[in-house]
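Each of the two complexes below includes subunit A, the first together with subunit B, the second together with subunit C.
On to the complex of A and B.
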């Protein structure tokens, strides 16, 4: 897996938004949200909010954080740490690389939240 | 018994405002003592009390605002099952019902409120409930047997959410509210009428009346309505008619209280070392006294603002008031006040699985509400906060990706 899993083309993810990649593709416990910050950078977190059943890929991505579309808890794109209730637990962050316009995912198999 | 807290902050009340203040102090690098005094077993979240918890879908541990280990990790001393009985602002001293006196550089009052109990004759009856605390929810839940006939007084957020949950538990529910369109100031007439109408769709009878009195019955309670409507018997009654802020401590310290504790823009009360957050705080800015927002998000933001004031850092940027509510399986969000808009733009239709409404003044969004499409309201909140003008026809077009409107 040293080359990672090719999961999307960069142009498929608008800035400020995200897309969810099915766990059948990523081999992770949860689906993975690919999140593109307003500066164009791409990040990956477990897709399901740690509070209730909501997809972080549907949330607003801004200034280093994604905002859950259900109750607006915010998670750090870099490390998955939660900033702001009602969620109390961070989520799992995965490493991504962009090469030649393709997004590669390196799943975090430790499964730990921040 | 007394102790001295060096450069410490003492927070009275472990609701969302108090816990958010503690969290924001640590997040902002505050290194002094932080002590949180709370009456309950542990600080818990209230929104599920009318929904998942009342329905039995979530247990008491899942209500915790923070996991138990969080308090140690954040070096927050939690003093639970304890009530503050007096406040001395000048000394920063708080007397506790345990007999202890705590002193701190700053005291933050996050005392919340209690459910209003209007003086309706006969309301001092065991079958009359309110819903504010965990104990209230447990007591109400015990009355909600399948087939029970329940009267909900007040069709605001608590009343409507609880009525929805009761229906799910198999109760027969009647809602009484004198307003034809509850929540109209926030949602505007059309949206408010549609939302209130959803109760009838779900088999709940809505009665546009006040309650004039209650009467004891051998196996129930009789409600007498205004307007000459015939009285009806119920197994239980829930009063969902608002919140009364808890201001006793503030009064004991001689702070200025006007149906809420008056604070300045930095959350300082009339005593500069005593700050107030959440439901009891009424902010006076440029001579204008504002009502408390009485919403979860506002209480959380208050905590962040009070912490910034204590830390001497810039407050978080102001944002338009926002809330969510869940009823009858629909997730509703609102920002601003639709009744204050010059015109309303509907995106989708009221019969659609999801839709939203935007309120505009000129070409600026001032408010919005949504059903099962929260990102419409999240977009509106950003449009309001950033004062971005919009083309109303693009808002109304369900083919528009709303987020593109934020790019101007």
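On to the complex of A and C.
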């Protein structure tokens, strides 16, 4: 696992948006949202909002946070901490690395972007 | 009993009162009772029978580039969201949550994934389906989100970039409803295959005055130009001179359509009323080849128009606008500037500034018009004033097929399109709409 799992090309993720990677690929409990911040950096969180059934990959990514597209709960891209209601629980963050334009995921590790 | 959808309710018919307006509109004799501008019950009937069944202007296609782009507006007093769904189809929904009725989109325009009510968080996708209900477990088993999607405007159609919608479940198609009016609209919208685009945002302002005062004027009224806009015409004349006599006294035609649409324009081989930069860029030979001499010498180079009931435009200024009704005494004007997509940046900018200075919210012409409508409305509630009818007799009997301009036309200085506007209004006001039960 030291290589990580190659899950996407960086260019596939527009800045300010995200894409969801199926758990069949990642081997995680939930799908994983790859989220690209407005500064170009990329991060990974569990995809399903902890409040209601919504995909954070469909959310709005800006200035270090992703906002859920349904009810506007925000999560920290670095560590998955929830920032306020209506969600009350944080989500799981995974470490990612970018090498040669490819995004590598390290599932179930503590978070960290690239 | 299964708790279910709105069909379990039945509004008592006596709550909906309708008046026969035949005694208020004499379109044949050119008389109009001022109650049509002031009466609250007539206004409510108008929302039910004129606005609800008619094709209403919503937006310009250029406002929607990718799925999730949206624009919020009104159909009559009903708030609607216009958006591009995931299949890139333009759709429109009533902007009111099915739960407690708040708007599910509070922004003027933007781009989104979902429309979420800020009250309790019911959330709808771009197809209007209810996709999330917080605390869902609290609802009975019979509760099915499929029953509680946003109310969708059943018919949305476009004509050369203009998007119209209607609540009428079985409308006449938009193009058919426009009839000969489409020929006049093409003089603004169909200069070439590239069509038109919007520049800048939407200007919105509030005026005291019934919406029909503005709509009928844009349909029928060139008469006011030399008096109301005298100062503006002086300003636009060459330095040290007044407007040319041939401009002040120019003749022209006025289209009076059977569906209430109207358009008027001076006619002259060298007719023009545009900005110098736009004029120099314009290829009049190409326009004559595409649209014919009659249009280039008339509605392409000057004039005014209304698509019944409340969409109007000024072909040369690039101004398109809606007169949103806000009670009998007030309207909101929402105005866009459109330009030919083919225009280079400096020509677009010249057109934008020209429209802003003439018919923007503080434009030298627009200010005159708003003053007139508010003036008419301000005194119309007087008991005696309100009982004395208004005159729409100019050009009475002049309507004919002139062989050059399509449909029924009259003189430039005429109330013909005003009479046909109110004749159609009367027909709709006296016809129960689909949503009114038969025999009510």
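In this text, the second predicted complex is superposed on the first by the 108 of 114 C-alpha atoms of A that agree within 3 Å, B and C clash if a C-alpha of one lies under 4 Å from a C-alpha of the other, contacts with A are read in each partner's own complex, and residues count from 1 in each chain.
Keep this in mind: a contact is a pair of C-beta atoms (placed from the backbone, for glycine too) under 8 Å apart; a residue touches a chain by one contact, two chains touch by 3 or more.
Just so you know, these numbers come straight off a predicted model, no measurement behind them.
Participant: Using the overlay on subunit A, decide if subunit B and subunit C clash or can fit next to each other.
Facilitator: Clash.
Participant: Identify which of subunit B and subunit C touches the larger number of residues of subunit A.
Facilitator: Partner touching more subunit A residues in the overlay: B.
Participant: May I ask you to decide whether A:67 touches subunit B, subunit C, both, or neither, giving the answer as first, second, both or neither?
Facilitator: Touch status of A:67: first partner only.
Participant: Who does A:16 touch here: subunit B (first), subunit C (second), both, or neither?
Facilitator: Touch partner of A:16: subunit B, not subunit C.
Participant: What is the contact status of A:53 with respect to subunit B (first) and subunit C (second): first, second, both, or neither?
Facilitator: Touch status of A:53: second partner only.
Participant: Tell me which partner A:86 touches in the superposition: subunit B (first), subunit C (second), both or neither.
Facilitator: Both partners, subunit B and subunit C.
Participant: Touch check for A:37: first (subunit B), second (subunit C), both, or neither?
Facilitator: neither
Participant: Looking at subunit A, which of its residues have contacts with both subunit B and subunit C?
Facilitator: 58-59, 69-72, 86
Participant: If you look only at subunit B, which of its residues touch subunit A in the complex?
Facilitator: 16, 19-20, 23, 27, 45, 47, 64-67, 70, 297, 300, 322, 324, 331, 374-375, 378, 382, 401, 403, 406
Participant: Mind listing the subunit A positions that touch subunit C in their complex?
Facilitator: Against subunit C, subunit A makes touches at 51-54, 58-59, 69-72, 86.
Participant: Which subunit C residues qualify as touching subunit A in the complex?
Facilitator: 112-114, 116, 121, 123, 131-132, 134
Participant: Under the stated contact criterion, what part of subunit A meets subunit B in this complex?
Facilitator: Going by the criterion above, the answer is residues 14, 16-17, 58-60, 67, 69-72, 83-86, 88-89.
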